[in-house]
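In what follows, chain A forms one complex with chain B and a second complex with chain C.
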Partner chain A sequence: MFSRLTPLLRGLLGLMAVLTPLVCGEAAAQGAGAAEVPLDRAAIAAGLCTDAGDTLDRAADALGDASDDDLAFLRRITDALMGRNLVCGETVAIKSGGGTVDALTGAPADASGKTPVLNLRNRASAENLGAALTLLTPSSASDRDRALRVLARRPQGVSAAALARAAEAALDDASRAAIEELAVVASLASEDVSERIAAVEALARTPNRRNLGRLEALKGEPAYEGDTAFRDAVDAAIGEASTWVRIADALSVLFSGLSYASILFIAAVGLAIVFGLMGVINLAHGEFIMIGAYVTFMVQEVLRALAPALVDWYLILAIPFTFLVTAAIGVAIELLVVRHLYRRPLMTLLATWAVSLFLVNIVRVTFGTQNLAFATPSYISGGFTLIGDFIVTQNRLFAIVFALVVLAATWLILKKTPFGLNVRAVTQNREMASAIGIATRRVDMLAFGLGSGLAGLAGLALAPIYNVNPLMGTNFIIESFMVVVLGGVGSLAGTLIAALGIGQINVLIEPIWGAVAAKVIVLLLIIAFIQRRPEGLFAAPGRRK
Partner chain B sequence: MTPRDPLAALFAAPAGASRGGSPAVIGAVALALVAVVVLGGPLAGSEAGLSPYMVNLVGQLAAFALLAVSLDLIWGFAGILSLGHGLYFAIGGYVIAMHLLKHGYETTGTVPDFMQFMGWSEFPVYWFGLELFPYALVVAVAAAGLVAFVFGYVSFRSRVGGVYFAIITQALVYVAMLLMFRNDTGFGGNNGMTGFSVIFGYPINTPGAAMAMSAASLAVLLAALLGTRALVRSQFGRLVLAARDDEVRLKTLGYDTLRIKLALWCLSAVLAALAGMLYVPQVGIINPRVLSPELSIEIAVWVAVGGRGHLTGAVIGAVLVNALKFWLSTNAPELWPFILSGLVIVVVLVLPNGLTDLSAAVRGAMGRTGRRAAAREATP
Partner chain C sequence: MARLTRRSFVTGTSALALGSGILPMPGILRRARAQDGPVKIGCLFSSSGTMANIEGRLNDVVKMAAAELNAAGGVLGREVEVMVSDPASDWPLYAQIGRQMLQQEGVASLFGCWTSVSRKSVLPVVEQNNGLLFYPLHFEGDENSENVVYLNSPPASSVLPAVDYLMSDDGVAAKRFFMLGSDYVWPRTINKQLKGYFESLGFDSSSWREEYVPFGFSNFQSLVQEIRRFADEPGGQPVVILTVVGSSIPDFFREFANQGIMATDIPVLGLDALEADFEGLNTEELVGHLNCWAYLQAVDAPENETFMKNWADYVGANNVPYPPNVVIDPMVSAYDGVKFWAMAAEKAGSFDVPEVRSAFGGLSFSDPSGYNISMTSENNYVSRGVFIGSLNYDSAFDILWQSEGTPKPVPFSEFG
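Here is the complex of A and B:
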C-alpha cells in the first residue's frame, strides 16, 4: 500500500511516524507494533514451570507485537520445554550443550530441579508456538518447511497478527503464499462472522482439493445451520470451487495424456514412415531411440568439458547432432542390410532384430549397463500451478512442444519438399513411382535415414525424463508398434491420432486399474479395431499387402 | 515373391521331397533317443555313459527343437509368422509347473513358497485337480488350443496377416509377460515357480529322472516330426501350401481357408505347449521371462537359421543355435549376442533358406542339381 503513495506523501508519513511516539507517548506505542510492550519474561519462565498451558497461550497471543529479542527468548525457552531441557529449580534454567544457564539472564545456573512434562494438549500448544516462532525468527529453510507443516495441521492455534507478521518476514513468495493461506484458514474459525465469510470467499478464489475439503468441513458447524449469510457464502464457495477442481482434474488428465502421447508420437513417427514406405517393421527402431539418448549424453559431456556455461542448453544444442548421427547410422544399416531384403518383409523383421541386438551390445560394451546421468536443465524443471490442482510441469510441457516441432518439421518435409513428394509417391505405388523415374532405392535410403533420425530425436526428448541405458529401446518398440498399427501405414495423421488415443487411454486407465491393465486394454482395443479396419485408421490408398 | 501356381501346389508333390523333413535328421533324433536310453541308462548306477549334464542338455535341446518345429509348421508351411510362440510354450510350462508343485504338495503338505509369501495356506481354485498328470496334460493342451483358437479366429477372419500379425502376436506375448510379472495372479509372479521335488512319484533330481525326461523329450520330438511330416505331405498339407501361395484362388476353388489356417495354427500352439511341458521339468524353473518378446523372436531365429519349411531344418536350427548358446554362455558370455546377431544377418542375407541352402550348395558342388533351392526361393 505504501508503495502506491507518492514519495512526498511517503516522506510526510515517515516524519509523522518519527514524531508521533514523542507526542503521544504510551498510547501510540500500542498501534505502532513491535518492541513497545516488553514481555514479562520472568512470569513466562515461571509460568511454564507451574501452568504451562495458559502460559503458552499467553505467549502465543503476544507474538504479534513482541520484540525480536523477546521472540528469540520465547523460542529458546519453548524449544527447551519441548526438548525437555527446561529445569525448574530455584530459578528457571535451560540445559544446553555445555551446561545449564539461567533462562532469563543466560548466566550459569544450578542444574538441579525438575523438568516439566507436557500433557497432550499442552504439547500441541507448544508445538504450534514453536512453529510460529520458527517462522518469526531466523531459521533454516528446512526448519521453516517443517514449521509450516505443523501450523497447517492446527492453523487456529496462532493469532492472525502473528501470521501476518510471519508473512511479512517470509523469505520468498512461495512461503509467503503458504503463510497467507494459513491465515485465511485460521480466520475460517474466527468468532467474527464477516471475517469467516471473507475467508470462505478467499478460499474459493484459490480452488483446489484441499481448500474444497476445508470448505466442506464447514457444513458440519453450527454457524452453517444458524446463519443464512454464512451458509450462502459457504454453498456458493463450494459450488465454485468444486467446478474448478473438476475442470483442473480434467485438464491435468488431458495434459499428462498429451505429454505421454507426445513421447509416443515422436517414438513412432519414424517407424511409421519406414513402415509405410517399405512395409517393413524396423525392430531396431527402439535402439535408434537409445542411440539418440546416448548422442545427447555425449553432447552434454562435450559441453561440460569445453563450454560449461552452455551445459544448460545441451538439449537444444544436441538436436542437429543427434538427428544427423542417428540418421547416418540408419542410412548405413539400410545400405548394409535392409536394402537386400525388400521382397521379404518378414525376414527384414529378423534382420533388424539382429541389428538391434548388435547395437544394444555395442553400446553395452562401450558405455556399460548403468543408467546415464543427465543434468536437468532449468527450462524443464519445476512447474507452475495453472488452476487449482492442475500443475503444468515443465518437462512435460517440453515434451509436448518438442513433439509439435517434430510434427511440424516432418509435415513440412513430407508435404513441401521434392523429397517428401517422392516419399509419398513411393509409399502409394512403388512400381508407378519407379516407372516415372523416381529413384525408389534412393528414396528408401533417405527415408530410412529420416525415420532413424526422428527416432534419435525421440531419444533426445526422453533423455532427461527417462532411464537411459542400453535396454531402453526395447521398452518403446512395442508401444511404437501399437501406434503404427493403429494409425495405419505411413500416415502422419494416423500416427498422430493413434498416439493421442493411446496416450489418453493409458492415462485414463492407469490410475484406476494400473499400468498393466492399461496395456492389456490398449492391446485388446487395437485387436478389436483391426477387425474392422485391418489397415489401420488411415490406410494409404493404393497399397495392399 | 516367386509366383507359384496353386494348382501345381495342389496336384503336384510338395516342392522337394525333403520338404517335411529329411530322413537323416529323423534318424539322428532316433539315434539320440537310443543313445540317451542306452548310454544314459547305466548312469543311474554307474559312472559309465553320458554324464547327467549331457543327458539333461540333450533333453532341453529336444524341447527347444519341438518348439521350433511347432513354429516352422505355421511359418514355413502357412507363411504365418508368429512372434509370440513363447505364449503357448509358457502355457505348457506353467501348467506342468503347477502339476509338479501340486504333486509335491501331496508328499510335503506345504504350499509353494510364493503362496506362503502371499499369505495363502491353500491352492487357489483353478489349481484343482492338477495333481493328476492326465488332467494337467488336457488342461495345457486345451488352454493353448483355446487361446490360439480365439486369437487365430479373430485375426484370420479379418485377414490380418504378414507383418501385422507378427506385431500383434508379439504385443500379445508382451502383455502376457506383464500380467505374469504381477504377484497376485497365483502363478508365482516375477519369481515364477520352482522347487519341484517329485515327478510321477520319483524324486526329480536324480540321474534316472533326468534320463527319463530327456528320453521322453526325444520321443515326443520324434513322434512330432513323423506326425507333422505325414501331415504336411497329406492332402491337408497341400491345401496349407496352396493357402499360403494364393489364398484367394484357393477360396475361389471352394476351400475354407480360415479353417485350414486355424487348424494348423491351433496344432502349432499345442505342439509349443507340449514343448513347454517337456522343458520346464528339465530346467526346474519357469518364470515370466519365457514370455519376453526376445525369446519368441529367438524361436523364429532358430527356424530361419535351420531353414523354413523343412521340419528337420527347424530341429537343426534350434539344436545348433542353442548348443552354441550353451557353449558360449559359459566360455564367452559377452561374445554370444554378437555371434547371434551376426549369424542371423548372414543367414538372412546370404542363405535365404537357412542352412538348407548350404546343404543344397554342397550337394550342387557334389554334382547334383540345385534346382530345388531355386524353386524354394523366397516365400512371404
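Here is the complex of A and C:
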C-alpha cells in the first residue's frame, strides 16, 4: 500500500516532516488524549535500524495514546522502512523524492548508509503497524480499505486501545463498524464471558475457514465444558460458519470452472468459425491470439506516450484496434496462403503452421522473448471476497464478462446479419450456396478475418491473466482444438458447451488427482466421446458425411 | 500430456532445421580441432519454447565471456569461437545438437542445459564422446559424472539452508509445506529429499503436500485455492516450496497475488524464481517472497559491479534482445564456467578433456557473487556461497541472508 504513494506524495510527507512540528506542535499538545506520552522518536528511529522486530512491537503498543504528531512520524518512518527508503547511516534518514531527509528533523541529510531489509516476521509486524497507522492518520479511502483487510488477517496484532482509537477516528459508519468488529474479534481471549460470546458471534458473521478453525479451537477450552451459554454460542457459530464455508467452497469451484471455460471459449470461438466454414485447420490460430495481445500492448504504449490519463482504460480502448489489426492480418493470410489450398485441406495444416512459425519469429525479432509489462488497471487487479473463502478475482471476472460479450456479438453477427446468413449457408453446403449466387470466396475471406479478429480479442482478454510473450499462442492451440472438435465443427453453441464442460471437469478433477492427471483424463474423455459421436456435440447439419 | 502432440514434435524438428541453419553445414567444416585456428566451444541453451525467456540469455553471456577472453589474447594463444544453437526446450534435441557439436564440430567443451531433464538427456552423449559439459543451474544433486562440471550448488548447500531459514524464528517458523512443482526429475527429487529431511527433523507426513503440474502449465486458479485450503488447516505456519519452471513461475505468482495472499501470510520459496521471472509483473503484492541462489543481483561487490556493467555494455553494443539491467544467477554461473574452463585449459596447456579435467583441482577466483569460488580435485563440483533473497518492489531480490563462506558441495543427498 505504501508504494502507491507517488514520489510527489513522498515529497509532501517530507515537507510535512519539516512543517508539522511548527504548525501542529501546539495543537497536538492540547490534543484529545489525556495520558499522552511523548514518543521517544530517536530511540525508535535507531531501533528500526538495529532491532526492527522489538521496535515495531514497542511502537505498536504506543499507538493507543501517542499524539497525532507522533503518529504521523511513526507512519512516515514505517512507510520508509517497508518501501526500503530508510537509510541507516550516521543519522537515520528517509529517502523522499529526489533527496534524503533526516527522519527526526526533516532537514536534508547524508544519503550514505545501509537500507535495512525486513525479514518476513518483522514484515508482518510492520504491515500491522502500517495498517493501524493508516487508520489513525489521514489517508485515502482505498488505503484505509486495504489497511482493514490487512488487520482482518491478524486482528490480534494490534492493541485494543489502538483499535478503539481508530474506530473513534473513523470517517464513516461502515468503516467504524468494520474496525469495531476487529476489536471484538481481538477480544476472543478476554476474561469476560459475555465479551467472548460477542467475539464468537462476530466470528460467525465473517464465516471463513480461518475463523471456523478459531471457533473449533474453542471446543477444547474449559469454558466450553463449564458454561452452557458459551457452549451454545460456539456450537451455533460453528454450525452457521461451516454451512457458509461449504457454500463458498462450492461457489469457488463453480467460479474457477466458469472462468477457465470463458478463457477456453474466447480462445476457441475464432477457430470454430474458421474450421467450421472452410475446414481449414488453422495452426496459426494461437499466434493470432498472441498478436492480439501484442496489439493491446502497443495501444497501451501509445496511450502512455500520448494520453497518460487514459492508460487505465487501454484494455477497453484497444478492443477495436485489436480486432481490426488481427482481422486484417487474417485476411492477408487468407489471400496470400490459405486461398490457394482449399482443394487440399490437409495442406492448409502445413501452410498455417509455417505461418505460425513465421509470426512467432517476426515477433521474437521485433520485441524479444521477454514477457511484456502490462499495466494492471484497477478494475482487473486483485479480487474481493464474496462470502467465506470465495474470492472473486477481477481479472477472471473480466474474462467471463468479455467472453459473454464476445459470445453475444458473434451470435448477433452469425444469426442477424446478411453476412452471417451467407456464412451459415456456405458452412452447410458450399456448392449450393455458390449456385444461388453467394460469393463463397468473399465469404471465406471475411469469415477468416472474423475468426482471426476474434482470436485477437482473445489475446486482449488473456493479457491480464497470462504472460504475454511470442510463444504464448502455442499454449492455446491444443485447448482450442479440443473445444472445437468436442463442440462440433462450426457450432457456436457446441463451442460454448464444450468450453463449459472441459473447464468445469478440469477444475473438479484437479484437486483430487492433480493437474497432470486432469489434463490426461480430460483428453481421454474427449477421445471416448469423439469415438461415440465423431461429429461432436452439435453437428452442423449440412456437413455430415 | 496434452502437449505431446504432433505439433510439438514437428515444432521440435523444424527448430532443428532452423538450428542447423545457424550451425555451419557439416560438409564445409574445417578439419576438427585444427591446431592453429580458433578453438570452439558450444552452447546448448533454448531460445524458444517454455524456457526461452530466461534460458536464452545464457547464450549471450557465454559469448560475452568468450569476447572477454579473446580481448585478453584468447586461451593458449587461440581465439575462442562460440557456437550457438536452439534446442527449443525440447529435451531430446539437446542430446542431438550436443552430439553434433562434439562429433562434427569438435568443440572443446559444451556450456548448457537449464532443466535437469535436458541435462539428463545430454549426459550419455558427453560420456560416450568424453566431452565436457559445464552446467550452470542449481539442481537436485544425486549425480556425479566426470564429464559434467556442476557450476551451481546441489540441494544440500542451497535448498536445505533456505528451508532451515524458513523454519527458523528469523524466517517464519514454518511448520507445514506445500510443495508445488513441474512434473519432472528436478522437482520430484528435490521434494523427495525435502520429505526425507522433514522426517529426519521429526515432522509428520500430514505436514506437507505435493502437487505437480505439466510443463508450461498456466491455469493456477484451483491450485492456489488448494494452497489457501491447506494454509487454513491447523498445525502451524504454512509455506509454499515452488519448483515449477519456465513460464509457469510468473503465472503462478500472478494468481497467488490475485487471490489476495501476501508473503506474510504464506511465503513462497521459489527455487527457480529469478529476477527475470518478474519482468512485466506488478510485484507490489508479492513483496517478501523468497528465493535462494548462489548469486543475487543485489550483491555488493566490485566484481558484481564490473559484471553488471560489462553485461549492460555487451547488450548495448550487440543489440542483444534481453534487458541490460537484469543479471541472474545462471548467467553468472555460465560466465564462471567459461572462466573455469579457460583457467583449466591454460593450466593444463591443452584443450583435451582429460588434461583439462585433471587441472580443475585448486582452481579458484572471486566471481560476481563476491565469494571466492573454488573447485576440488575430488569431484567436478564448485564451492559457491548461498544467498536467500526477498522480493522487493522493483522486481529484484534483496539479500536477506547469506552464508558465511562457501560450503563444500555434497553431491549425494542423505535424505531419500
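By our rule, the second predicted complex is superposed on the first by the 359 of 545 C-alpha atoms of A that agree within 3 Å, B and C clash if a C-alpha of one lies under 4 Å from a C-alpha of the other, contacts with A are read in each partner's own complex, and residues count from 1 in each chain.
The rule we apply is simple: contacts are C-beta pairs under 8 Å (C-beta built on N, C-alpha and C of every residue); 3 or more make two chains touch, one makes a residue touch a chain.
Since this is a predicted model, take the numbers as computed values, not measurements.
Visitor: With the two complexes overlaid on their shared chain, look at chain A and say whether chain B and chain C clash or fit.
Guide: clash
Visitor: Among the partners chain B and chain C, which is in contact with a greater number of residues of chain A?
Guide: C
Visitor: Let me test your reading of the model: by the given contact rule, A:Thr369 touches which partner, first (chain B), second (chain C), both or neither?
Guide: The second partner, chain C, only.
Visitor: Looking at the overlay, does A:Val405 come into contact with chain B only (first), chain C only (second), both, or neither?
Guide: In the superposed model, A:Val405 contacts neither chain B nor chain C.
Visitor: So, does A:Ile281 touch the first partner chain B, the second partner chain C, both, or neither?
Guide: So A:Ile281 only meets chain B here.
Visitor: Looking at the overlay, what does A:Val302 touch: chain B (first), chain C (second), both, or neither?
Guide: neither
Visitor: For A:Met347 in the superposed arrangement: first (chain B), second (chain C), both or neither?
Guide: A:Met347: touches chain B, not chain C.
Visitor: Is A:Gln531 touching anything from chain B or chain C once the two structures are fitted on A? First, second, both or neither.
Guide: First partner only, chain B.
Visitor: So, A:Val516: does it touch chain B (first), chain C (second), both, or neither?
Guide: After superposing on A, A:Val516 lies in contact with both chain B and chain C.
Visitor: Tell me which partner A:Val337 touches in the superposition: chain B (first), chain C (second), both or neither.
Guide: A:Val337 sits against chain B, while chain C stays out of touch.
Visitor: A:Leu357 contacts which: chain B (first), chain C (second), both, neither?
Guide: After superposing on A, A:Leu357 lies in contact with both chain B and chain C.
Visitor: Quick one: which of 327-335, 345-353 or 363-371 on chain B sits on top of chain C after the fit?
Guide: 327-335
Visitor: Hey, what residues of chain A end up touching chain B and chain C alike?
Guide: Common to the two interfaces on chain A: residues 283, 353, 357, 360, 365, 474, 478, 482, 515-516, 519-520, 523.
Visitor: Given the complex with chain B, which residues does chain A contribute to the contact?
Guide: My answer: residues 275, 279-281, 283, 337, 340-341, 343-347, 349-351, 353-355, 357-358, 360-361, 365, 474, 478, 481-482, 485, 515-516, 519-520, 523, 526-527, 530-532, 534, 545.
Visitor: Which positions of chain A touch chain C when the two form their complex?
Guide: 3-4, 83-84, 117-121, 123-124, 127, 149-150, 153, 208-210, 213, 217, 252-253, 256, 259-260, 263, 283, 353, 357, 360, 364-365, 367-374, 376, 381-383, 385, 389, 391, 393-396, 465-471, 474-475, 477-479, 482, 506-507, 510-511, 514-516, 519-520, 522-523
Visitor: Over in the complex, which chain B residues touch chain A? Could you list them?
Guide: Touch residues, chain B against chain A: 1, 81, 83, 154-155, 157-164, 166-168, 170-172, 174-175, 178-179, 181-182, 293-294, 297, 300-301, 304, 334, 337-338, 340-345, 348-349, 352, 378, 380.
Visitor: For chain C, which residues are in contact with chain A within the complex?
Guide: Residues in contact with chain A: 1-3, 5, 7-8, 10-11, 14, 47-50, 52-53, 56, 169-173, 183, 211-214, 216-219, 221-223, 225-226, 228-229, 232-234, 247, 250-251, 254-255, 257-260, 262-265, 267, 276, 279-282, 284-285, 287-288, 290, 321-323, 390, 392-393, 398-400.
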